[in-house]
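You will see chain A twice below: alongside chain B first, and alongside chain C after that.
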Partner chain A sequence: MSKIFALAGVVIKELYRRKDFYVLFVLTALLTLGAGMVNFFHDDKIVRYVKDICLLLIWVSALVISVVTTARQIPAEREARTIFPLLAKPVSRAQVIVGKFLGCWLATGVALVVFYFFFAVVTGSKEHFWPWAAYLEAVWMHWVMLGVVIAMVLLGSIYFAAPSSTSTITIIVVGGILLLGTHLKIIALQQPEPMQFILTLGYFVMPHLEWYDLRDFVVYDMGLVPVRAVALATLYAAVWTGIFLVLAWLGFRRKNLTT
Partner chain B sequence: MTAILQTQKLRVEYRSRDFRQGNKIALNGLDLEVHAGEVFGFLGPNGAGKTTTMNVLLGFVPPSSGGASLFGIDVRQPIARQRIGYLPELTYYYKFLTAEELLRFYAKIFGLTRAETDKRIAELLKLVELEHAAKRPIKSYSKGMQQRVGLAQSLINNPDLLILDEPTSGLDPLGRMKVREIIQRLKEQGKTVFFSSHELGEVEAICDRVAILDQGDLKAIGTVAEVSAGSANLEQAFLKIVGYQPSSAS
Partner chain C sequence: MKISPLSMLAVLGALAFTLSASLALTADNWSGRAKSDNVFGMMFGDGRKLFANHFFTMADVYFHSGYYPSVFDQRATEEKEIISASHGHKDSEEDEKNEDFLGKPKDWVDAFGRNFRITQHTHLENHNEREILPWLRLAADLDPQKTEVYTVGAFFLREHLNRPDQAEVFLREGLRNNPDSYEILFELGRVYHDAYHDLDRARNVWQLGIKKFMVAPADRQKDDKLIFEELVVNLARIEDEAGNYGAAIDWFHAAQKVSPAPDALQKQIDAIQKKMAALIPVTPGKLY
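Moving on to the complex of A and B:
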């Protein structure tokens, strides 16, 4: 495990020494503060709009950070040839994959905590109400969902040489799942065969990332999601993360790194 | 004598991108043994198969047939690399890390304790004369300094076998002398050094045995005196072995 943590540590150091996170955080902070200061139509419920905007920005920023950071890990190691001194040590390719995943996931987790804390401070200062348990649940579900995304990006980065290709494809796929995931089954029922079968199959075989979106629970103070549902969702995400990581390892194991 | 690095009928074929050309044979049944405590020079013109051999030994490239082992362990097992140090031809390290952080990272990979790591880092930074720059990011280093960091990382685990791919390539005369001194010191400590080089004078000065490879075939192996027999020096012997024909003056 110490090898995996060592690899993860380098990923985290890279993230906080680059400017990506700071730029996105400052942007999110400025937009949220700007939205929070304007009092549209003297509406008392304005805080809901602020929450909605802020959470949307957090989701976009966290997705960009996780995808961009992960997509460059393996290609950058290959391009800078740092992969060779690394693999010349007693470290397996499976450990490299898991170490990279863990580093990206932990780094994204730190970013999420910073974003949500800022969110709690801004919205709490307006409504003088801090539902910490709901926030904690939202952060956890968001982080677990990003675990699946990070594993998916790692898999993509084994096959696509350019990080930009991996990032673009993943953002489109994740965006598509988040926007259409819930509706896909309904859309399928309205289609003729064989489209109905294809869309239904797609609904059942895709990772349902939209289940992890608890923004409405936070914005409309809908209370907590039952712990059992959170646990099951976590297990579901762990299975998908595992599948993507195994596929990434299978690809990386056979990859000729010298060409 | 114990062979700590061994290849048996090692063959590596690359599939050509152009299907009309067929497969390219990078190594053709290489049999090699390097014994404990010797400094072994691995020579050959560009494209001879030196780097491919090293890539197989380090587990980067799987052999098409035959095998290779380090300390009797198949090179495909990561544990085979527990007692080796590797310095690539050109220096490639995480530029956002400092030399100290880089060495600490590799020490963790080898499972060194904190106390061992601290001691080893202090020794190595002194050896490669980088104590003053230990806390500066590697991106701010000169080429020579980066090569010295490379040498330090290859020694972090106090390896019994050091694999160096053209260690003095691109260095100024002072840097070359420094690397040569370090190799000599390691030899005195009883370490085994396996290195490729185009600097035949350097090889002649420090190697116990050499092997000459050409187009994937092992052409000669033995002590420097054995390989140079019948020629003025190692360079002349090398040119003769690889079939160099001097162009006649017009």
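Moving on to the complex of A and C:
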């Protein structure tokens, strides 16, 4: 376990040494503050559009950070040939996969805490209301969802040729699930066979990442999602994370690292 | 021939300055964008109108606190509720039923997924209606010819947020961009009548609205009968309030020609006629 945490620690250090997080945070902060300063009809109590914009930017930034950070982990180790001394420690290939996953997931969690704290400060200063429980629930669900994404990217980084292709494909897949996941069944029912069957199958076997998007509950102050549903969704995400990590390990186990 | 890089740079710089000075005036006329009086016009040209409808829809989404059908969901009515609300429409049980676009869960994925979606049909209230205003402002900036943005915004500012001053400013802006809009004139009349109780200005604005309606193209007149009826009925009521019963009856008769419920208007005419009858002095009969 200590080897896994040591690997994870390296990944976390890498995140705060690189500029990705800082650039995206500053961009999010500037756009949110800019939007917040606009005055509509001399009414300074209007706040939901600021929440909406800020949360959208947080979601985009967190997705980019998690995907880009994860996609380069294993290819960078192979390219720099540091994977060989790492595996000679000895560290098993399974431990490399889990360590890299844990590092990326924890690093993304740290970034999420910073982003959501900024969100709470900015929107709270406008509406003088801090629904911390709703925020915590939103952060937790967001983080759990990113766990699935990170595991998916790790799997992609084993099979795809370069980090850029892994990042692009994963962002398209995750974006597609987030946008169409809920509606895929409706779309399927409007299609002729065999498309209807293929889409329905996809609907049932894909990870439903759209469940983890609680932005509407935060933006419209709609209270909390039942804790039981959050717990079940967490379990569902853990299962999908496990599936992707096992597939990544199976691929990495047979991977020729010299090329 | 050898030319030093510095002198080449100086020549090119001089040439660029000369060309920019000579072309500056004519370049302004190459594109209509530079003439646009708002930043969106300069950035997107006429393409900005595509986004205006989206932002207007966003206002309706906010009005429903996120409970809103996507492009994939089927909905019975296409009209946005912020528009019908601005015409005084209140949801009946039948309307609520029609707006339940989710229906029963289709499968376990859908059923479980509803824990994480807003599934209650609500409308903003208690001054929270202000949250739709940024989207209306953006829609107006993107498409200044979209008259319903001004009328809906002004309605919520006047009726729900108690800001008739801002409603009037917004409508005046709309009127500058759409000088022939009888919809905006109707809403402006409501600001004068309902908020300021200024009958004369309300009457003038509504009468101007009717004039604009009369010179509008026939197809627009056909589509906007409801607005015409609202203008005429409100004018009739204003005349009734002012004691000009004859004019009030005339306006009600005009409204009857386009109204889907002329009998209801007839009852109002009858009520006014009763008031008129009560005003006619009774000639005393011979006592002896």
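Methods note: the second predicted complex is superposed on the first by the 254 of 259 C-alpha atoms of A that agree within 3 Å, B and C clash if a C-alpha of one lies under 4 Å from a C-alpha of the other, contacts with A are read in each partner's own complex, and residues count from 1 in each chain.
Heads up, the rule we're going with is that contacts are C-beta pairs under 8 Å (C-beta built on N, C-alpha and C of every residue); 3 or more make two chains touch, one makes a residue touch a chain.
Just so it is clear, the structure is predicted and the values come from calculations on it, not from any experiment.
**Student:** If you count the residues of chain A that each partner touches, which comes out higher, chain B or chain C?
**Tutor:** Tallying touched residues of chain A, the top partner is C.
**Student:** Could you tell me if A:Thr82 is touching chain B, chain C, both of them or neither one (first, second, both, neither)?
**Tutor:** First partner only.
**Student:** After superposition on the shared chain, which partner residues are touched by A:Leu56: those of chain B (first), chain C (second), both, or neither?
**Tutor:** Neither partner.
**Student:** Identify the partner contact of A:Met222: answer first if only chain B is touched, second if only chain C is, both if each is, neither if none is.
**Tutor:** In the superposition, A:Met222 contacts chain C only.
**Student:** With both complexes overlaid on chain A, does A:Asp213 touch chain B (first), chain C (second), both or neither?
**Tutor:** Only chain C; A:Asp213 stays clear of chain B.
**Student:** Just checking: does A:Ile186 make contact with chain B only, chain C only, both, or neither of them? Give me first, second, both or neither.
**Tutor:** In the superposition, A:Ile186 contacts chain C only.
**Student:** After the superposition on A, what does A:Val114 contact: first (chain B), second (chain C), both or neither?
**Tutor:** Neither partner.
**Student:** Per the contact definition, I'd like the list of chain A residues that touch chain B in the complex.
**Tutor:** It is residues 2-3, 5-7, 9-10, 13-14, 17-18, 80-82, 84-92, 256-258 of chain A that touch chain B.
**Student:** Which positions of chain B touch chain A when the two form their complex?
**Tutor:** 55, 58-61, 78-82, 84, 86, 88, 90, 92-97, 101, 105-106, 108-111, 150, 153-154, 163
**Student:** Going by the contact rule at the top, pick out the chain A residues touching chain C in the complex.
**Tutor:** For this pair, the touching residues of chain A are 38, 40-43, 45-49, 141, 182-183, 185-187, 203-204, 208, 210-214, 216-217, 219-220, 222, 225-226, 229, 232-233.
**Student:** For the complex, give me every residue of chain C touching chain A.
**Tutor:** Interface residues on chain C, with respect to chain A: 62, 65-66, 70, 72-73, 106-107, 109-110, 112-113, 115-118, 120, 127, 130-131, 133-135, 137, 157, 161, 163, 166, 170.
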